[in-house]
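The following pair of complexes shares a single chain, subunit A, combined with subunit B in the former and subunit C in the latter.
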Partner chain A sequence: MAEKLLEIRDLHLEFKTFDGVAKVLAGVDLTLHRGDVYGLVGETGCGKSMTALSIPRLIPMPPGRITQGEIIFNGENLLEKSEGQMERFRAKHLGVIFQDPVTNLNPMFTVREQLIDAVIFQQHYGTTNNALWRAVMPSARQRRKDALQRAIELLDLVGIPQAATRIHDYPHQFSGGMRQRVLIAMALAGEPDLLIADEPTTALDVTIQAQILRLIKSLVKKLGLTVLLITHNLGVVAKTCEKVAVMYSGRVIEESPVRELFRNPKHPYTQGLIQAVPRKESNRGGLIGIPGTIPDLNHPPAGCRFHPRCPHVMAPCRTTVPSASAMTSAHNVYCHLYPQMDEVAT
Partner chain B sequence: MSIQVYLVRRLFLIIPILIGLSLITFTISRIVPGDPVGLAAGPQATPEIRERLAAELGMDKSLPEQYINYMAGLLRGDFGESLYTRRQVADDLRTFIPATLELTLAAIIFASAIGIPMGIISALYQNKLPDHSARILSLFFVSFPAFWLAMIFQTQFGVNWDLAPVSGRFPRLDIPPNQITGLLTVDSLLALDFASFGRALEHLWLPALVLSFGALASITRITRASMLEALNNDSVKTERAIGIPWRVIVLKYVLRNAFIATLTIISLEFGWLMAGAVLVESIFDWPGLGLYLVESSLRLDFQPIMGITMMYGIIFSLVNILTDVAYGIIDPRIRYG
Partner chain C sequence: MKDAKSKQPILDVKNLKMYFPIKGGLLNRKIDDFKAVDDVSFSIQRGKTFGLVGESGSGKTTVGKCILRLVEPTSGQIIFDGADLTRLNAGQMRDQRTHMQMIYQAPAASLNRRMTIGQIIGEALWLHERLNARDRRKRVLELLDIVGLKSEHYYRYPHEFSGGQQQRVGIARALAVQPQLLILDEPTSALDVSVQAQILNLLQQLQDEFDLTYLFISHDLGVVRYMCDEIGLLYLGKLVEVADSETIFEQPKHPYTQALISAIPDPDPDITREEIILTGDIHTKVSDIGCPFAPRCHAAKVPACDTALPPLVNTNENHFVACHLHLADEDAPQKEAYA
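Coming up: the complex of A and B.
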């Protein structure tokens, strides 16, 4: 098996709000191996984006607070790094792309300017301390020229036609899909180990969505990237990922290889999700949903957080958080329906 | 539309503004009760002398006729002459405008140089000690009446500590540098006359500081607000996520995003400062438009009042045009048209 790249262990994240403390993440476990294309799915508010943003430590603290757990990247615990170390870590090892390509590029600067900064700081800032100084010094002109070459190559790589001329344009002169390609280029400038894609296609229309997903897949092949793809769209997961984790209300409830999950979902919530995907043949029956609503994070239900909506609810579900049950070596379910590996009390 | 065409169009648009402005000022200054001809002629004048003076000045004609005559003169660059001093208003304006411009520019430079960094720091340390101090300080600045502050500063800095002269633009007995721009600091630098520059600066800094305080407060507050908004922009999250250093994000990317609002307030404040200069100029005996305006108003001296108002209008409009052009330089999405 490939080497472990990222391991999130028992991550607890809280937010202070006016109504009390919202327990946004309540023990997330996640393991990514080098070369994985890993999907993280769940409905709005389940904590998938919060999990993803915890890795580059982009969650504003306060109001956020990590109360427990660790995030191990290549053997280092990211939660122990200082902000300055983290800045350099992000430059060197991480690439992140977000949902809305329109607002994520700075409208006042040309693509060239933004991409060159990405190249310079990702290539140099990660390794030397005074790269910042050298990057802004007048003698850095040659460096910026070199970076321009690299920036054009990157635009080429992400499939922007006439990259050498388009690079001088401003973001508003690009379409949404093209802007997302620019953002991918910026994220990849320093050849990161891990690309975190937080709903990268949600704001795009369907044809563009397919193009961007195809691009990400081809980049994975070309560059040997590891990708953590966050989405609420099971179709996107099926098309793009090899492994997937399903989240519900701040916890991972099932993780599995993608084909296995679609063929043989074990958790009642996953089963409900897959049933809810509209299909051609079930058109006449209308949409099937999961009854109930997602729990209030300020007052989450005890035990398994899904139990108030679960059709198979049993006594231990109301009191005890289920631990992992292994279906196969790569398929884990967190549900009392299956034999528990160990008991965890809330 | 190219920037040249845009500029020409905007310059032509000043004309209707000035016509409106002149109509209002002209009407108001002639409607107010008072006897300017009598004042100009003096208490001993006989009715015949008054009539002759009124005819000489064109004041015996109907108001619309007077207005048309005035505007016709304006087209030739003739601002009329003062009833009281009998000097050409155009000549007076030429001497007084540079003084006011110098004072106002110095004040706006002070206000920006202190206000913008204060706003940035305020935003970066939102709701922490630096932010609270900056906000309380700017509240103080905006609340102090300028005339009161001016006198306090005169006694403290001018008299007690002897750090600055308390009146005038330049030592009365010294020879000022050759007039090129009319701004004494600039002219002395152009002439490489550093002694004069020092003396001009010595006279300038205190009134400019007093004048700048109101603007300083607004610039701080607006910069803070727009920085906060720009810091919340998604693009900041992206820049952080891909490893651009925080300093670069703030000083390069966020500042530029926030600068449109700051620029707007600077240009508006510039207009306010020119008007506000009236008080400061009176207290510091600064020979500028404000002082000239006060003296002329007290004597109901129409022509200078009209001339000064028109000049304020022109300068204000020009500053507006400059600001609009600057918007386009800062924000590439803005098209001139």
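Coming up: the complex of A and C.
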């Protein structure tokens, strides 16, 4: 099978707050293979964005602090790199797109300026600066010219019509969907191995969402990207991803191939989440929510963090953090219902 | 559910128009209108839920605000329980608002964070009913119980609540004056799915208990299907299709409805529907004449698409569609206009 691209092992992340220490991530494990489209789902505050932002090390420290764990990318532990090495690494290997396409573009500059900056930064960052190199290196003017060419190609790639003229426009002249395409182009400038998409379609209308998801899928095929797609929308996962991990309150609680997860969800939380989505078959009064609310991260419940809301809660749930139990080779559940008793079917 | 008698609808919106002026030119005079809502007509039977669906910018919230006259509509009639709201003066309108209340999208932003929950809900009782402090407190506690909050929440402030609980407070406030019609403007779009399910169930339970009528404004078709009896689709301020919920989802006729339904990502990887991917977005330029959806339409075009505005006509048993394709291909005898 494909080689391992990214492996997150037992990642713990804390934030210092006025009310004490918030344990935002409490042991996240995640493995991405090259060519995966990997979904990370969960509700507000479950730590999915924090997991994703830990990879490029974009979390401000302090107040954040990684207390345990490692992030291995292509055999290198990212947490051991210096800030300078990390910057070079981001330029060469990572692309990130965020939820809100409005705030991530600078309204004062045209898309051309912003894209050229991205291209130059990502292509030329860290190139050696000795005399020989300077002699063969193109002049700044030539570099910008080349970068413009590349920027237009990128806009073309992400499906912006008349890229060569639209590139001179300001962000406000683009619609929401088009701005998101610009941001995708920017993320792709350095030909990254991994594209982290943090809720890329949440701010968009469904018809536009469908366009963007189709674009991401086509880019995966065309460029051989690996994508980590973060979303709260189970529909988006079902439509786009091949593998998925469900997070709850700082931990991955279930990971599985997509079809398996929807056909045969094992964790009570996953089951509740899938049932809570209104769809065709659910008739009046038939929608089942999950009672209660997500736990306070400053004082998380002991043991399995889902136990106060869980319909199947047992004694060990209150005291011990469940470890992985394998359903199939690729389907892992972190729940006390499973290791001991496989016959407790739900 | 309640029987749908042929009595008169509780709310009847006729030819509602809301034009916002576009100013410009040398003297900053009005040079054009932005037609946020353009000739929208629909009616809701008592005890039913009418869903108003559309993408951002389609004018669905503006329709809701016009009905409460929070913005003054340009023209049209809003007949609530037999009375035309557009003819009332401010004082009379204020009295009418005890019968109709609105619940907003962002629960945190619609609650005053300097007031306790008791004050927030009690304020409506003071303003509209002049209840004294003791009666107010009693009613507020009842209301908290109805929406699933506890009496100990009475003295708390909005920031102490989660999003779902804040929305419950918003619902309690709206119910305080015992309205008949609730306008729900994207009541769950800020909430997580597990909490959304709680709130949707609460709304249905309240509807059965108090015989409420809902105007449910949303962009989430899954939620609308779950909640609504009848659905109207708005596109650029115009209704393009109106029918009961089942019909809209099973036999959508307007190309926009078809595309919208096909674009909902289904939480089931085995459903492989044919996906219609629309080009462009809602702001794609429209000619003044012609169908507003024509520039993005994926269906085969007829010449009339670019030259004439398709009227909203009854194509079948109360299934109204505004599309030239359905004007042309069927030789149905009854083609009366909607409402």
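The definition used in the following text is that the second predicted complex is superposed on the first by the 323 of 346 C-alpha atoms of A that agree within 3 Å, B and C clash if a C-alpha of one lies under 4 Å from a C-alpha of the other, contacts with A are read in each partner's own complex, and residues count from 1 in each chain.
Quick note on the criterion: a contact is a pair of C-beta atoms (placed from the backbone, for glycine too) under 8 Å apart; a residue touches a chain by one contact, two chains touch by 3 or more.
No experiment lies behind these values; they were computed from the predicted model shown.
Colleague: On subunit A, do subunit B and subunit C fit together or clash when superposed?
Modeller: Fit: subunit B and subunit C sit side by side once superposed on subunit A.
Colleague: So, A:16: does it touch subunit B (first), subunit C (second), both, or neither?
Modeller: The answer is neither, since A:16 touches no partner chain.
Colleague: Once the two structures are overlaid on A, work out the angle subunit B-subunit A-subunit C from the Cα centres, in steps of 10 degrees.
Modeller: 80
Colleague: For A:176 in the superposed arrangement: first (subunit B), second (subunit C), both or neither?
Modeller: second
Colleague: For A:258, using the defined touch cut-off, is the partner it touches subunit B, subunit C, both, or neither? Pick first, second, both or neither.
Modeller: A:258 contacts subunit C only, not subunit B.
Colleague: Check whether A:299 is in contact with subunit B, with subunit C, with both or with neither, and answer first, second, both or neither.
Modeller: Neither partner.
Colleague: Taking the superposition as given, does A:273 touch the first partner, subunit B, the second, subunit C, both, or neither?
Modeller: In the superposition, A:273 contacts subunit C only.
Colleague: Looking at the overlay, does A:211 come into contact with subunit B only (first), subunit C only (second), both, or neither?
Modeller: Only subunit C is touched by A:211; subunit B is not.
Colleague: Looking at the overlay, does A:96 come into contact with subunit B only (first), subunit C only (second), both, or neither?
Modeller: first
Colleague: Quick check on the superposed model: minimum Cα to Cα separation from subunit B to subunit C, whole Å please.
Modeller: It comes out at 8 Å between the closest C-alpha atoms.
Colleague: Quick check: in the complex, which residue numbers of subunit A touch subunit C?
Modeller: Where subunit A meets subunit C, its residues are 43-44, 175-178, 205-211, 213-214, 232-240, 258-259, 262-263, 272-280, 282, 284-285, 287-291, 293-294.
Colleague: Please give the residue numbers of subunit B that touch subunit A in the complex, ascending.
Modeller: Residues in contact with subunit A: 233-235, 237-248, 252-253, 256-257, 330-333.
Colleague: Give the list of subunit A residues in touch with subunit B in this complex.
Modeller: Per the stated touch rule, the residues are 56, 58, 87-88, 90-92, 94-98, 100, 103-110, 114, 117-118, 121-122, 125-126, 132, 135-136, 170, 172, 183, 186-187, 189-190, 196.
Colleague: With touch defined as at the start, can you tell me which subunit C residues reach subunit A in the complex?
Modeller: By the definition above, subunit C touches subunit A via 1, 55-56, 162-165, 192-198, 200-201, 204-205, 219, 221-223, 225-227, 249, 259-260, 262-270, 275, 277-278, 281-283.
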